[in-house]
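Next come two complexes built around subunit A: one with subunit B, the other with subunit C.
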Partner chain A sequence: MSIRIISPGLSTTVQDLGRPGYYHIGIPLSGAMDRLAARAANLLVGNPEEAALLEVVFMGPEIEFLQDATVAVTGAELPPKVNGEEKATWTSLAVKKGDVLSFAFLKKGARAYIAISGGIDVPVVLGSRSTYTLGALGGFEGRKLASGDVLPVGAGRGAAEGRTVAGELRRSPGAPAELRMLPGLYWHRITEAAGRQFLEDTWKVAPEADRIGYRFKGGKPLEFVPREPPFGAGSDPSNIVDACYPYGSIQVPSGTEPIVLHRDAVSGGGYFMVGAVISADMDLIGQLQPHTPARFVEVTMEQALLARNDRARLIDRIRQALA
Partner chain B sequence: MTSDSIPSLTISMEGAGALLADAAGPVFSDACQQRIWALADRLREEPGVEEAVPGMNNLMVVFDPLRLDPASLEAIVARRWKEPVTGRAEGRLIEVPVSYGGSAGEDLLAFSAAKDLTPEEVVARHTAPIYGVAAVGAMPGFVYLSGLDPALSMPRRAQPRMAVPKGAVIVGGSQAGIMPVTAPSGWHILGHTALSLFDPLAEPPAAFRPGDRIRFVAREILR
Partner chain C sequence: MKTRYSFGGDEHIFVECDEEMSLEAFFKSLSITTAVKEAKIRGVTEICPANASFQIKFNPDVIAPDAMLKELQAIEATAAKAPSTIRTRIIEIPVFYNDPWTHETLMRFRERHQGPTSTDIEYTARINNLDGVDGFIKAHSGAPWFVSMVGFVAGLPFLYQMVDRKRQIQSPKYLRPRTDTPRLTVGHGGCFGCIYSVRGAGGYQMFGITPMPIYDPNQKIKYLQDFMCLFRPGDIVRWKPINRDEYDATVADVDAGRFAPVMRDVTFSLDEFKADMDGYNAKLMGALK
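So, the complex of A and B:
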């Protein structure tokens, strides 16, 4: 049971829901950037939600199936084609041995997820099949896919064709994208006026936007409260004593361009952070294209927890709809 | 700081599912780091805590806020920080062979010149101490080492290099380290070691643990 990569697209990797629990040895979470879309893709083809699938960025791959399977494409609006015939996204498709899956041009979003019944059966490394390219671990040989790669696929019974996730159960960023954040960490290191400005400005996604982090441009530089630099911290006011960076934290090197750390970010370092984007909205960041406008919207802890609950309920509704 | 004074701890939320407990003062403190490790060990036992990750005189705690209320965790962290620190088994002493200078230690000459030292003096000062592994992280298997001779303290490069090779022996600020994988870094490259710090298929994958000690041994000095 396997698939053959005819052409890999721009940057296609094997991902699952990630590799939590290894920050203490410097290994980030990895896993799908839009986890809701990844779960939905797996459910559509009858896989467990945590099965490994392909994450595709901007441009789709071309894949030959070496056996019959059920396939679904979710996330970005990147229409799949089977033997050249365009098909719907967020819908289960039946493919036969020898069929070729390719893609039309991206219409909306940034990352699509291709689930195949049985799941991509690469070895589990530290509890996950996700690719972490910096550490050259997990996924298919620890790297993005290349032409000619043959990926093993597990045994799966598949699912009926034509199952679909209703539009109201999908999430996509608005315009501008509103990214809810909890100020915290070193928020006190910037002036009150700078904090207000940060939240009022409309930012734009910079070209440096990948699995490591999303950089934003176009807002005003942050003004710092003066301080004595502590040990190990550089003289730049944005330097701190090296600390751990969780997923979602917003780091602002030199106080100019915020970077939201995503699934493959380094797990620590010496730049200060002004807070963290709530986990429910990290999925949305994975769907932002460069130059998309975005705003940071302050929420309270209570609102952040409600958002977490809302997302858990949304996943439940998708589960029920596809049960 | 004396062993019986407790550094003040600043607790801040890192989003809804993580918090940072920061006790870093003007200088790195070994006693404070011992307390950080002890706090990490205790917090790992708390239901709802997913990971406790020591940094340099600070600690990140990752937790599930739907199981463990963030405000309750904050109170637990503050309380357990003050608990007495019991002795910890001394870590292993590991020798790290280094080839200093040359193309794999490309900053040695400029670093020495900036410090008004000869390359031999820099190497002598770099190999003299027994370093402590204060924290592991940032990159797979990366070690933050304490114990660098203050004479070798040097601000990071203004522009980080995009790819510092695996095995590079580096200095940044008052900290020393070794690159476990090829990755961007703004630290200065003094030499290179063939010792592997990280193997995802090994158990454990990271060669060093917090509390281990390291001595650099000069194999050669190239100009």
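So, the complex of A and C:
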């Protein structure tokens, strides 16, 4: 049971729901950036939600199936084609041995998920099949896929064709994207006026946006509260004594361009952070294209937990719909 | 030293033990995180000690953020009284200072450096009033260093020099980060040393390179077969200056599977260290003989 990569697309990697437990030595969680879309793709084809699948960025790969299977493409609106014939996203598709899956151009979003019945069966490393490319760890040989790669696929009958996730059960960022954040961490390092400005400005996703982090530009530089640099921090007002970075944390080196750390986060460093994007909105970041306008919206912990529950209920509804 | 707690979104608590770096702040971080580990609190998924702070990742569906905060504050109250003694390891790391590979890289990124007419070692020696490259190597390798954090990327140690604050080497990070750093570069930024575990971007000064791998995701290297990362917070490092011939010989030994790192188990007492730093360091380094 396997698939062959005819062409890999821009950056296609094997991901699952991640590798917790090793952040203290610098190995990040990794896994699908848009977890809801990844879970839905697996459910559509009859896999466990945590099965390994392919994460595709902007441009689809071309894949030959070396056996019959059920596949589904979720996340970004990247229409799949089977032997050249366009098919629906968020829907289970039956493919035969020898069929070729390719893609039309991206219409919306940034990352698509391709689930294949049985799941991608690369070796489990530290509890996960996710690729962490910076550390050359996990996935397929620790790297993004290349032409000619043959990936093992697990055994699994696959669900029936034509199962679909209704539009109201999908999530995608608005325009501008609103990323809810909890101010904190080193928020006190900037002035009150700078804090207000940060939340009022409309930012734009910069070209440097990947699995490690998303950079934003176009807002006004932040003004710092003056201080005597603490020993070991460094002289720039945005420096701190190197510390651990939360997932979703928003660091602003030199006070100019915020960077939100994502699933392949660098685990620590010496830049102050103004807070963190809440867990419910991490999926949305994975669907932002460069140049997309975005705003940071302040929420309380209570609101963050309500949003987390809303997202969990949405995933429950997908489970029920596909049960 | 005032502890400051802050939530990092709805899944993290960030705890600053002190705003500035010191071995006391690191020991506070290490003793609280060790106690958190032993407490086995349901819902805790990651425990990350750092230089002068630490971070706990938790699942708020299992433990409410406020309950998590209360658990940590209770642990802090008892852990702060713990004696500052740890059982750890001292590891000898061979370093080829002023090597051709970091030299080639630093020349390539010279316009991003604050002292473009000198090398990173020459610049750092100058601003620390050390006697040129030789004086720098003597100061850098003359005392052991504490691994006060592991991270940034897989297995990368941050190292804190075990000397008086006035003798600690300090050097700024590059004005703009490089897009390339050779694997196993020995670097320095602020008061911290580091070893780049993988090739990649970086902003620390580059002083040399070690032939000894510290991260092996394939776990082919014998001493990394138990775990793919060598370093743990609390390890002590001794730099051993080597020349080109020794570097090449060690690389060959590593490739042939013949190389075994020199390391010993030691007990470290913060109080005894502070009472006589040079004497205590000599004793620590003596364990490697």
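By our rule, the second predicted complex is superposed on the first by the 323 of 323 C-alpha atoms of A that agree within 3 Å, B and C clash if a C-alpha of one lies under 4 Å from a C-alpha of the other, contacts with A are read in each partner's own complex, and residues count from 1 in each chain.
Keep in mind that, in the parts below, contacts are C-beta pairs under 8 Å (C-beta built on N, C-alpha and C of every residue); 3 or more make two chains touch, one makes a residue touch a chain.
These numbers come from a predicted model, not from an experiment.
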item: Fit or clash - subunit C, subunit B, common subunit A; value: clash
item: Subunit B versus subunit C as contact partner of A:26, first or second or both or neither; value: both
item: Contacts of A:308 with subunit B and subunit C, given as first, second, both or neither; value: both
item: Contacts of A:137 with subunit B and subunit C, given as first, second, both or neither; value: both
item: Partner chain(s) touched by A:277 [first = subunit B, second = subunit C, both, neither]; value: both
item: Subunit B and subunit C footprints on subunit A, overlapping residues; value: 20-21, 23-27, 125, 132, 134-138, 181-182, 184-185, 230-235, 239, 241-244, 246, 248-249, 266-270, 273, 275-279, 301, 304-305, 308, 312
item: Footprint of subunit A on subunit B - complex, ascending; value: 12-18, 20, 22, 24-28, 50-60, 62, 65-66, 70-71, 135-142, 144, 155-156, 172-175, 180-181, 183, 198, 200-201, 204-206
item: Sites on subunit C touched by subunit A in the complex; value: 6-12, 14, 16, 19-22, 45-55, 57, 60-61, 65, 149-156, 158, 165, 172-173, 189-192, 197-198, 200, 215, 217, 228-229, 231-233
item: Subunit C-facing residues of subunit A, complex; value: 20-21, 23-27, 125, 132, 134-138, 142, 181-182, 184-185, 230-235, 239, 241-244, 246-249, 266-270, 273, 275-280, 301, 304-305, 308, 312
item: Residue ranges of subunit A in contact with subunit B within the complex; value: 20-21, 23-27, 125-126, 132, 134-138, 181-182, 184-187, 228, 230-235, 239, 241-244, 246, 248-249, 266-270, 273, 275-279, 301, 304-305, 308-309, 312
